[in-house]
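Each of the next two complexes has subunit A plus one other chain: subunit B in the first, subunit C in the second.
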Partner chain A sequence: MRIAAIALNTFREAVRDRILYSILAFALLLIGASAVLASLSIGQEGRIVKDLGLASISLFGTFIAIFLGIGLVFKEIERRTIYAIIAKPIHRFQFLLGKYIGLVLTLLVTVGAMVLLVVVLAWAIDGHWTPGLLAAAALDFVALMIVTAAALLFSTFSTPTLSAIFALGTFLIGRLSGDLKIFADQFAGLGLRLIANGIYLVLPDLSRFQMGAQIVNGLPFDSAQIAGTLLYGLAYILMLLSLAIGIFQRRDFK
Partner chain B sequence: MDPVIEIAGLCKDFRTGFWRRRVRVLHPLDLVVHRGEIFGYLGPNGAGKTTTLKLLTGLILPTAGAARLLGRDLMEVAAKQRIGFLPENPYFYDYLTGREFLDFCGRLFGLSASLRRDRIARLLQLTKMEGAAHLQLRKYSKGMLQRLGLAQALVNDPDLVILDEPMSGLDPLGRKAMRDIILQLKAEGRTIFFSSHILPDVEVLCDRVAILVAGRLQDVGRLDQILKTETESIELTLQHVSAELLRSLQGFTQTPILEQADGVLIRLPDEHRLDMALRMALAAGARVISVSPQRVTLESHFLREVQGAAR
Partner chain C sequence: MRGSLLHPARIAVIAILLCLALLFGAVIPLHRTGQIRGATSFEEGTWLFLPPAALRVASLGFRTVAADMAWLLTIQYIGSHFATDRKIPELFRMVDTVVALDPHFVEAYTLGALFMNYSGRNVSGAIALLERGAAANPTRWEPAHDLARTYYLDLKDYRKALHWFEVADKLPGRPHYVPRFIARLYAATGHQDTALDLWRAMRDSATSDWVREIAEREIAKLEAERHRPSAGGAR
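Take a look at the complex of A and B:
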């Protein structure tokens, strides 16, 4: 009940924030514009809508995850709203999990609105709907959950600006870390290969969650591979949240 | 007596500066607060009052020592179930309305929906906030936030209420209202532990006080005992005082003798000089109107403690 109360309050804070609506409106506008762009192509309309739609979801979802995530804990401490909360019978880990779940709920609603628009547009153009779109969006959502957990972790010990840089860095490196590993395996010497593999193991491999191209091109996808990716995502989220809780547990709210 | 707060050797260091130098802000503190007391925790700015209150509410972690609240260890989250806390200069979620915020606080205590509804209605009435309950907190004045802060501290019907500077930022009417509520809480059998700078309020409200200076406890005890043990001066009022007697009496005191409509007022530093002055005045045919010992006020006692600690 206590985690749910914090989560609902975090969700309420986000939905009463105009920034969220600005990002969402811009995202929906861009997805809508992809339909206009698609009409200029010949025979590729559905593919362009799905391609641009999934890219928009990923981009704007990341914006929301980072911009709301970096302030999750810092704002509470800076504005001293946390004083009245921690003094109540709530464990610090409950507070942190509540904040995380609240932001994930916000992401679910906003990403859900974007996915709905992409599905409707794709259906209007193709005349049938692509179930794979939902699978791709779901995987992308797990990637967003990782970025949110990373933003929350940074938010427990640094300022929003630094947290934004760290979270954005995690996202960008995470997107490229798959390529980094391939590059290291093929070309680098032993030392460099070890370093690259080390980085690959520590940082999240977000490229695993990008199934858009497969879906858009109508290629079959392996459910075991999807399940493995989901498990990887959940394990990574658990690790980030545990680290965040470990830091938060020892913090003094001066 | 039943102890509600038991503090044993509680202390706190903070690390500051580039080299993370360790600075002790609260020296080992031993203090006991009993059930049903209004306990005033006094000290100048930076004395360590808020640090103590933050330690008791789990906002900061102790460097050493221990404390028990309502019989439970400080570190047990369950100990907070029967405790209410009003932070200093409270700031709450400004996107919530007053009622939503109190409801949120009620949820954190695990209260049922019907209990929350009843309690919130009663607390809004107690703090005279019914008219503002539907407004978002960003529209609240400082005094309104303070009153809402008190309401959230009482949402769990606590046995122990910890208030950090509850009078700060309140106008005289607000202070009076806060004093009345604190007295009502005591009448209901609750224990109130509060820090304050506003000494006249402390003098009116508290059963016992503790004075903290530079992180060290200077004095603790019943207010009437602390103040009764010392008299600052004794005022003697006489009539029919000749000019010659007046000159002689001036020898007993450094303070100038005041000539008033009802006689002369002599402020004497101690009882020995009072005896001598009285004997001399009676022998010279003067009439004694009054002898009144001047009790030490909390303010002068407080200032003396702070200055003594500084030396």
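Take a look at the complex of A and C:
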């Protein structure tokens, strides 16, 4: 109940943030512009709208997750409201979980608006409904939840600027860590291969959550792979939140 | 804060001033320079096509989006030459970049090969591209079909055309005329008995009078040709 109250409050606070609307406006503009850009292709209008739409959701969703996530804890400390909160009969983990859920809720609403526009545009261009788009957006949302958890983790121990750099770094590394695995497999030496594979296992692999290629090329989905990816995402979020809670519990606010 | 340059009320004014400065200081002079120098050739912009391995990393995993952008540039490149000199030497490199970023972009193989073949007169390049497309997309009929068409129409290599039509025939969504081409190509490559069997099977399973009539005509022709072994040819 306490977590729900904090989550709702975080959501209310986030939807009042102007940066959210600026990013959302840019995202919707880009998704809308993809329809114009698509008209330059030869018969590939639907493909380009879906592709650019999913990429916009991923990219702008990440910006929202980072720019709102980095200030979650810092703002409370800066405004000194954290003292009033921790003085109340509420556990620190409840506070942090509430903040996380509130931000995820904000993301759900903004990503939902973007998905709606992509689905409507794709429908208007293709003349038929593409259910895979929703599956792709849902999987991408789990990747955004990982980035949000990373932003929250960094915000528990550093300034918003540093948190933004760390969270953006996590996103970039996460997008490219799939390539690291490919490079690792190409290394001749066993030692190097083990190190590269070890780094790959520690870093989040956000490329797993991308289904854009399957959607735009009409390729079949592997249900087992999707289920595995969802489990991986959940495990990674739990790990990041546990770390964030661990750090936040030890933090001295005196 | 009230006297600060970053006061919210002043930010909009500063942004408008910066936009105007950019417009009059850079955009308009550059536009005028462009008009004096004449239109910029598209080749000046093809530096955007980095090696595919570098683009894969630079696209941050948004490979299909990068492939789309590369495809749009390819279309512009083809269009800029199609109405003028019809020379498209960069086409193979450009399509190669597109399909390296997204190996499942079937239309890039087929349209790229089409322009390479008929505008660029590069049949071997078109075949190499389509073979790559067929290997990367074994469940799509289009690359196999276009390979068959290229071997059939441009190279008159009926054996290879037959092989690729047979590959396309096994794939879902292939055009209805593929079995008829296969039967004709069997006849053209000297397998009249197989061709006859195929036409008879088509006649017996035909759901339209039009196909049945074609099958009966071809059967009659093949049976007549049995007595004239020098005749033959695919149409």
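Methods note: the second predicted complex is superposed on the first by the 253 of 254 C-alpha atoms of A that agree within 3 Å, B and C clash if a C-alpha of one lies under 4 Å from a C-alpha of the other, contacts with A are read in each partner's own complex, and residues count from 1 in each chain.
Quick note on the criterion: contacts are C-beta pairs under 8 Å (C-beta built on N, C-alpha and C of every residue); 3 or more make two chains touch, one makes a residue touch a chain.
The structure displayed is predicted, hence computed values, not measured ones.
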On the A-aligned overlay, A:47 touches which partner chain: subunit B = first, subunit C = second, or both, or neither?
second
According to the stated criteria, A:87 is in contact with first (subunit B), second (subunit C), both, or neither; which is it?
first
Of the two partner chains, subunit B (first) and subunit C (second), which one does A:124 touch, if any: first, second, both, or neither?
neither
Subunit B versus subunit C as contact partner of A:29, first or second or both or neither:
neither
Which superposed partner A:201 touches (first subunit B, second subunit C, both, neither)
neither
Can A:234 be said to touch subunit B (first), subunit C (second), both, or neither?
neither
Looking at the overlay, what does A:19 touch: subunit B (first), subunit C (second), both, or neither?
neither
Thinking of the overlay built on chain A, is A:192 touched by subunit B (first), by subunit C (second), by both, or by neither?
neither
Tell me which partner A:109 touches in the superposition: subunit B (first), subunit C (second), both or neither.
neither
Report, in rising order, the residues of subunit A that make contact with subunit B in one complex and with subunit C in the other.
none
Interface residues, subunit A side, partner subunit C - complex
37, 40-44, 47-48, 51-52, 55, 58-59, 172, 175-176, 178-179, 206-207, 210, 212-213, 216-217, 219
Within the complex, subunit A is touched by subunit C residues 56-57, 60-65, 68, 71-72, 75-76, 102, 104-107, 111
Partner subunit B, residues of subunit A touching it in the complex
1-2, 4-6, 9, 12-13, 16-17, 79-91, 250, 252-254
Subunit B - residues contacting subunit A, complex
14, 54, 57-61, 77-81, 83, 85, 87, 89-93, 95-96, 100, 104-105, 107-110, 149, 152, 156, 162
